[in-house]
Each structure stands twice: as C-alpha cells, then as structure tokens.
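Quick one: this structure, given as structure tokens, is what I'll be asking you about.
Note that the chains are named A, B and C in the order they appear, and that numbering of residues resets to 1 at the start of each chain.
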Amino acid sequence: MIAFIVQRLVQSVIVMLTVAFVAFALFNFVGDPIANVVGQDTSLEDRAKLRESLGLNDPFVVQFARFVGRAAQGEFGLSYQHARPVDELILERMPATLELSFVAALLALLIGVPMGVYTGLHRRGSLSRLLMTVSLIGVSLPTFLIGILLILVFSVQLGWLPSFGRGPTVDLGWWQTGLLTSEGLKALILPAVTLGLFQMTLIMRLVRAEMLEVLRTDYIKFARARGLTNRAVNFGHALKNTMVPVITITGLQLGSIIAFSIITETVFQWPGMGLLFIQAVLFADIPVMAAYLVLMAFFFVVINLIVDLLYYVVDPRLRIDRGTAAGHGH
Amino acid sequence: MSKTILLSAVAAVAILAAQPAMAKTLKWANDGDVNSMDPYARNETFLLSFMSNIYEPLVRRDKNLKVEPALATEWTQTAPDTWRFKLREDVKFHDGAPFTADDVVFSYQRATGPGSNIPTKLASVKEVRKIDDHTVEFVTNGPNPILLEEISDWYIMDKEWSEANNATQAADLTKNEETYASRNANGTGPFMLQDRQPDVKTVLVPNPNWWDEPEHNLTEVVFSRIGNDATRVAALLSGEIDMIYTVPPQDVERIRRTPGLRIVEGPELRTIFLGFDQTRDELLESSVKGKNPFKDPKVREAFYRAIDMDAIKSKVMRGASAPVGTMIGEGINGYTDELGERYPHDVELARKLLAEAGYADGFEVGLDCPNDRYVNDEAICQAVASMLARVGVKVNLNAQTRSKYFAKILGPAYDTSFYMLGWTPSTYDAHNALYNLVASRGDDKGSQGLFNVGGYSNPRVDELTAAILSETDADKRDAMIQEALTIHKEEFGHIPLHQQTVVWAARDNVDLVQLADNYFPLRFVRLQ
Amino acid sequence: MAIDALPPDATARPRPAGRFRRLIDSELAWSFRHSPATIAAAVVTLVLVLSALLAPWIAPQDPFDLATLDLFDAFTPPAWTEGGDPRFLLGADDQGRDVLSAILHGMRVSLFVGFTSVLFAAVVGVTLGLLAGYLGGWVDSVIMRMADVQLSFPAILIALLIDGVARSVLPRDLHADTALYVVVLAIGLSYWVQYARTVRGSALVERSKDYVQAARVIGVHPLRILAHHILPNAIGPVLVIATINLALAIITEATLSFLGLGVPPTQPSLGTLIRVGNDFLFSGEWWITIFPGIALVALALSVNLLGDWLRDALNPKLR
C-alpha cells in the first residue's frame, strides 16, 4: 500500500514535469505578451529588449528548463499582468476556487446520486422521465447562458442573491473563507448551482445506468431470491455495486469542476484561480499559465490517487489484484 | 421598482450600521481592474484616470480638459527650451510627508527609469533641475510647445516613501520581485488608498488634508472589477453598484429605459480605423497573386466607399459612435470638421473603381480583427466583410483575442494584409497620430511609423511630421497638420471608421463629470 | 464475497455472428416500438439532422453568403411579433442574418464537430481505457499518467497548440479549410480521458471475475476477451458520457471560436450563435440566443434519449 502511494507520488512528479514541458511548447502559440505589457508607443527596440530579457526569444526547451530550475527553488516568477509573484497570486485565489468547487461537487453528489437511484428504481415512472428530461436541459445550455439566466432571475428580477463576487470573507490566517458569513454563503449559491448542474446531470444519469444494469444481474436476482428486503437489496447490494464507475467519474469530475470553474468564475466575477487563468490566457501571461497548469496537474494526480484508493475500499475484489498490478510497475 | 428601493434601503441600513451617519459610499465597477497602484506601471487610460484620484500631476485638467495648476501654481518659459515651475507650498503626502522639489526630480527619474511605462510622456524633457525647495526647472530637447499637455497625467510620487519601501523603480518584470508601490499608494490627491485586493475590490477614502477645496461629498469609494458585460449590467440593474464605467452598447437602451438609472455619454478620443498592407509586392492573404492591389489608391478608395458607416453606427454601435474621416477625432489638437467629414458611402462608385483598377470580379483578402479590444470590434469587422461582399470582395475574417491578434499584426512581423486598429493620441495632439500611424516606417527611422502596420508612405507627409514636432508657431504648425492629414485623406492611406463613444451608466442620485478623455475624476462626484 | 462473484454471463458468450445479429435486430426493434419517447426522440433527431443536411436547399437565405446580408435588417424581431418581417421567421441577428437560416446552416457545422469529436474521443478513450484496465502494470501507469497530463490542459489550450502547429506546418492557403478539423481534434483530445478512466474502472472489475479468469486460462485471445466480455460491461457509462458530451462539444466549439480558433464568425455555428446572442439577452433581443438554444436543447435531449434506449437495448444483462 505504502509502496503504491510512494510510487504514485514519484509518477506525479513526472506528470507535472510533462505538463510543464507541454505548456512551454504551447506558449509559442498563445500570442505575444509584450504588446499587453508595454505602452502603445513603446519602440520596437524596447519591445525587443524586453522580450529578450524576459527570455521569450529562447527555444521553449530552454524556457522550460529555466522554469523547472526556478520552480525547484520555489520561485515561479512575476506575473506579466499583475507584476506580482505568481505563487502568491495563485495561493491567494485558491480558496475561492476550492470552496466553490467542493460545494458544487457536494451539490452534484447529494442531488445526483439520490435522483439517479430513484430514476433507476422507477425506470418507467413519470416523475423519473420528467427528472431525466429536465436535467438534460441543464446540460444542453452553455454554462455562460445558464449563469446569466440565473442572474437575470435571482439578482435582477427577484433581488434575492448577489450577481457577482464572493461577498465578505473571513481571514483564517492561511485561508480566506466565504463560508462563515451569511452574505458569503448567499454569494456562493448561484455560482455553485451553475457549476454543479452539469456534474449533477452526469452523476444522476450514470448512477441510473449502473443501477439498471446491476438490478438485472443474477447476483441481485439471487439476493432477492434469498428473501432479502427490497431496501436491503437496493441499497446494500445494488447501489454499492454501482459505485466504482460513479467514484471514477466523480473523482474525475472534481478535477474538471475545478477546471470548468473558469467559465463560472468569469460570469460571476468569482475571484478564483479560473478567472486568474483565463485572464492570463487572454493576456498571454506565461508565468501564471505555467504555474496554474502544473498545479492542475498536481490536483489531478492527487484526486486520481484518492480515487484508486477508494476502489480498494469499495470493491475488495480489486485489492489483491491491484497489488500484483502495482507490482508489475517496477 | 419598489424592490430596488427596498434593496437600496437595506444597503443603506447596512452602511449606516457600519459607519457614521453621513456616510456616502460610491460603489462602481469596470470591466478591467486597475492593473497596478503604481502610476508609472502602464500607459493606459483607465489606470491613469483611477490613479489621478490618489496622485496628482504638476498641472491637471479641469472639467473641459483645460490645463490648470495643481501641484505647480505657476510656470514661465525662461528660454525656448526651459520651463520654470513654482510648486505649491504646504502640500502633504497621505503619510504626512511634505511635498517638495526633490519629489519632482525623483518622480522624473522614476518615470524615465527602468520598468516605467510612461517615459514617452517625458521624452522631450532632457533634465529636471531643483532650483529651491519649491521651484523646479524643466529643460527640453529643443522647443516643445505642448509640454504641459504631455505632463498632465504624469503624477508626482514621494521620494522618501519610495526609498523607505524600496520602490524607487517601477515594477521590473525581469527582476522577479514585486514593487511595494504596485499595491500601496502615497500621493497628494483627494483620495487615499484604504484597501486593495487586486481584481476584487479597491477602497478609497477622502484625504482630510487635501490642499484643494473638495467638491465631492463622498466618505468612501468602493471600486469592483466585473469583467463579464452582462453581469456588470445586472449588478447595476439590481442596485448592487451605483455606476459602471464601460457599458456594452447593446445594453444602453435597456438602462436608459430603467427608472432610476441614466446613461452618460460623450465622444472618446480613440479613433478606430482599417489599414491596408501597401508595402509587400504580393499580399500574404489574398487571391491576387504577383501584385498588391492595395498599392492602387483606387482599390483603397473602393473599399472606403463600400463601407456604410451610418449603418454601422445605427446597428452595430447603436448610435454610440461618431463616424470620422481622418485619423484623429474631435478633441485632438489639429482636428477640423472638414477633415472629419467622411466621403459619402457609394456602392456604385466602389464597383466602378474596382473595375477601373482591373478587379471587376473582385478578389479575396484576409481581414485581421481583435474580438476583445475595442467596442464591438468583431461585429464591426463582420459588417465590413458583408459590405465588401456586395462589391465582390470576399473577406476572410480572422477575429482573435488581442494577444494573438497584436502578435500577428504588429511589428516586426506586420503579418497582415488588411486589419483593424484603434489609436488614442496620448498627447491629445495630431503629431502623435501622424508620427505613429501615418509616417513611413523603416529600419533607419527609429520608432517612427511603428504602428503604420500597412506601411503607408508619402515623403511630403514624413517631412511635415518632422517639421510639426519643433514648430512653435501655433498657426504654422496647425497648417502643416492640415496639409499632412489632407494628403493622407485624399490618398486613402487608411479607412478611418469612427470615434467610439464613452458610455457610462449611473444611478440618478450620482452627480458626476465625464471628461472627453474618458477620465472619471472622483473629486467631482456628489451623492444625493 | 466470493459467492457473490458472477458466473460467466451466458448472453455475453460468443455466438455465431448471424444469429447474434438477428437477435439484436429483433430486440432493438421490439424495444423501439414499445417506447414512445424513443420514437419521438428519433423523429426529432432525424428532422434536425436532415434539415441541417438539406440546409442549402431549405433555408430561406444563405447566411454564409455575406453579400446577401443587409445590416439594416439587423435585430428584426420574429415574424409574429411587433415589428417582425415575414422574411425573417425567427427574426434576424446582429448582422442582419436570418436566424432560422443561420440555425440550419450552423447546425451542420455543430453536428459535424459534435459527432466526430465525440466519436474520436470515445474511440481513443475506450481503447486506452481497456488496455490500461486489462493489462494493468506499467501500461496502466503510463496511460493513466498521460490522462493526468491531458486533464491538466483545458480544451482551449489544447486547441491553441494544435492550431498553432497546424498553422506552422500547413501552407497559409489551407488554414481556412483545416480550421474545423483542428477544432475536432482539439475537443476530441480534451475529452478522451473521461472514457478511458471509466472503461478502465469497469475493466478492472471485470477482469478479476471468474469467467474472465477462466477464459484467460483456457487461452482465449486477449482481444477477444476485451471485445466480448469486458467492453459490453463498460458500454453503459460510455454511452452516458458520449451522449452528454455531444452538447458539451458543440458548446466548446463556440468557446474556441472566441479565441479565433474554429469556424470564422462570418460562418457561425450553433454554439457561436448562442455565444454572440448571449450579449443581447438583456437588451431585449432574446431571439438571437433563445432559438439556437432551443435547437441545441432539442438536439441534446433527443440524442440522449436515443442513447438511453440504445444502451438499455444493447446491454445483454438487461434482457
């Protein structure tokens, strides 16, 4: 087990290095940051000089090596746009994104799983059909449109919820939280719903699909034949067996929720990493993009590690098998 | 509307609870943040406008953009190239330190030093000398008739404060460390920085020791950034915000119709125009091979005539633009109504001109356009594309985000055949536009013509541009500007499109002054 | 738990192709006839796809022919409302394009991008997922870490990379023609991981089951085991993701067009219409975004319903 985790951590370093490498290959194509950094009447010479001194003329392999060398010493450079250390910027924004993402994921799970179970059990019920249909509307409309429609209804028409920002935050020393004030919580509602909607639909449909399959298996038929109650069969056996794909997807989605939050954060002016990143893309702010992408890689590696560990917990049959699988890895 | 009233009542109660009874808080928003609190960090309107509330120049602009005394009380020209400024006494920075000549000399060094993005404002200044504690002398490279205009948004920083906080240079991206001045500020202006959360909010409070009589009645100003157009408008409609600085044109009507809100608009100094590649012998992106159709003024005129600016004004800009016939707009020194008058829209003539030039069947050409830089940039380019289609020219529109767009069209690559660009002469003078956009570019010409992306070139215009720079006789200078711009207009060197309109929106209880250069000085704001 | 392990699944065992085919056909037909929702979904899908394919012949206007656009027609409301014009049944957009024609033409682009990129992602993802789950060991590690790398990059950046490479490799004249493939490739590459990880999860479960172990022991070819035993058990979640991702891919294409990738704004796709129309929601010109939005919802809805049915009907265990 420990060997497995250690091995994964080693792999995670390789993943992050690869991400950084690809990222720097990519920065050739995101545009020229210089035009954004300098005043409109800066001479070509000065522009060239700045480009040279920022190392933008170097081949990307050199830029990559420099980034890794510096990152190893905990230095991520200065954002072109904000003229502030990148690590500081990202750390400042991280709580906003993580709080939003976790609340959205929680919403998606707490609503998605029960709805999936219900629609799976009552496959032909009219409420099930209604839920299935309505939930689809939520995923067919683009996130930005859903966000704007929610703002139109709940902020402009009804005046119940704020349309932008995070509300007041409480400083816990290392974490700025918006979860401790009622205004902060109110500000969280619309963005979290917008962000969680897609995942909710996906989870609901996955749980339903898995439930349907498991319910028809001989294994469940045996269980029923053994005289177990419906409840015990549905939840004790059936739901448990749907969990492997659901966990896979949820874990995966948690990562993509964080990535997806780019659009939600833009619509709601949510001061998180996604907003920082999209601005960085538009500004061609290479240091911010590089650090963000590497951080994302780290998140995905960690989340996937947790998912794989959960497989063990949920499905014991995988345990021995994974042990040998991990053994092959040397 | 009762909802809005209720909401503002709730907001008012909340404020009352937190602050003294007379609290007047202005909450306003813009699509972009103030990128830095360092007044030398960027040469961009919004930053300079915002920082003018905290820092002050030697001479500032009044409500009509006329230059008036600020930190300097009077000035004289002791020689054609020497200006002597008398500095205001008993002025204190926000931290209590006195303002003296040393601060002016220091600010000059800082503004022209490494990391600063505003050295062009002081490019004509050779030296700034301290005469005594409250007198300084500026020596320019040759006579400079527009020195005062050029330095009206160069703000004075405190020498002691900058030295104490290791901020004697503007943030230098290559140095890998942040400067203290990019998140803190210590000026002499009417407002002091209280809280700064980049990209979230910036809070200002009035400076109780300001030297001038405050016209405003604010007790607090909260500035938020709301990037998304629809969200920003929603925040205004819902009462969360009192004023927004950039209103998307399509929402102007909606806001105008909403009781309790109003639109404040005026022409902006930025001119939007189209340009042609006139240097290459074969266009990079065109179906015409072996020659460059844009070298023929007839083709350029045909393009000009085919574009219907009235339609673009009424449909794309919803009235929020002023079509213009030259590279500078009203409000820029050198502009005349005659130059500003556009040649009429004439599709038949356009077809005829194309036929005469040998392109009766039209041709294909690429058009480079940003989609997040100017108001409705992408929509304007689309409209242009369909107007040109009617005279047989097939336009392949390449609309991109600005980083990619600028990287493509600007020097040294100038990788474009036909492009859109906008320009605000930062000196409020025609010379700036002539020098940057119209005069020939070349390896031997330094930064002249740097933004003459298409490479328009006329020796007489170059000659005039050089002469205008040092001519001190206002009438002669003006005549030369007229001549240069008229030549350019008659040769269809570019297609000037319009001046954007500055559109702000505010609640009815906010009295404010909108300057033609898009500055929003808080010192004129009154809340009822 | 050992007693709970499943016996080899009788229906999933290989059979002579002809009989299997016939069985599927009849099963499919039967379940189709007995589900009115499925029939409705099929009709809607068919209508949408057909009208998209036939757009050049049935659309009142050619919205891609710029010479036919008149800016003065811009923002004409739908024909039945005040100020409407019978020439523009569903109104006109900000450039004076007929919204109905734009939807029909735009759907061609969107359907192409949606279907091909989802197919691409599914094929790549399922293949890699099966290999990872079934083979395990270093193959699994490499594929899954590749997935981690992939996931770290939003579709936007992948598209920038592919577009950049395409632009520097291909001659300038070809750029306009290849733009669409760049988008398909970018979206496909961005979404394969979901399939891979899901299939891998299922494969991990299945391959430890007795019947698979038994098949391995008696020397059944691994490819056969993958195709006949493991894939059918993983196909349910794959279909769920694929059908949901169809709409997502169409929307992603619109987001990319903002960066100057994908189809040019003079040839709007369904997603681009929604993105552009979004700006006019507050000002009252709702038809520019709502009608394309309805078209997309209808498409996504019917494809998902078809997907549901197909999954249920194809799944051996559900019969």
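Rule of thumb we're sticking to: contacts are C-beta pairs under 8 Å (C-beta built on N, C-alpha and C of every residue); 3 or more make two chains touch, one makes a residue touch a chain.
Bear in mind that the values here come from a model prediction, so they are computed numbers and not experimental data.
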{"item": "B-C compared against A-C, more contacting pairs", "value": "A-C"}
{"item": "Nearest-to-centre chain - CA centroid comparison", "value": "A"}
{"item": "Distance between chain centroids, defined by C-alpha means - chain A, chain B (Å)", "value": "38"}
{"item": "Inter-chain centre distance, chain B versus chain C - centres from mean C-alpha coordinates, in Å", "value": "45"}
{"item": "Between chain C and chain A, distance of the C-alpha-averaged centres to the nearest whole Å", "value": "21"}
{"item": "Two or more partner chains touched - positions in chain C", "value": "259, 278, 281-282"}
{"item": "Residue numbers of chain B (touch at least two other chains)", "value": "230, 234, 237, 372, 401, 404-405"}
{"item": "Residues of chain A touching at least two other chains", "value": "30, 148, 152, 281"}
{"item": "Touching residues (chain side chain C, partner chain A) in the complex", "value": "1, 4-7, 37, 136-138, 140-141, 144-145, 147-149, 151-154, 156-157, 160-161, 163-165, 193-194, 197-198, 200-202, 204-205, 207-209, 236-237, 239-241, 244, 247-248, 251, 254-255, 259, 271, 274-275, 278, 281-282, 289, 293, 296-297, 299-301, 304, 308, 311-312, 315, 317-319"}
{"item": "Chain C to chain B touching residues, read off their complex", "value": "65-67, 69, 71-72, 74-75, 94-96, 172, 176, 258-260, 264-266, 278-285"}
{"item": "Interface residues, chain B side, partner chain A - complex", "value": "3-4, 6-7, 35-36, 38, 41-44, 117-118, 120, 171, 173-179, 182-183, 197-201, 224-228, 230-232, 234-235, 237-240, 372, 401-407, 410-412, 423-424, 426, 432, 436, 446-447, 450-451"}
{"item": "Residue ranges of chain B in contact with chain C within the complex", "value": "229-230, 233-234, 237, 248, 250-251, 253-254, 284-285, 308, 311-312, 314-316, 371-372, 378-379, 381-383, 385-390, 394-401, 404-405"}
{"item": "Chain A residues touching chain C - in the complex, by the definition given at the top", "value": "11-12, 14-15, 18-19, 22-23, 25-26, 28-30, 129, 132-133, 136-137, 139-145, 148-149, 152, 198, 201-202, 205-206, 209-210, 212-213, 216-219, 244-245, 247-249, 252, 255-256, 259, 262-263, 281, 289, 293-294, 296-297, 300-301, 304, 311, 315-318, 321-322, 324-325, 327-329"}
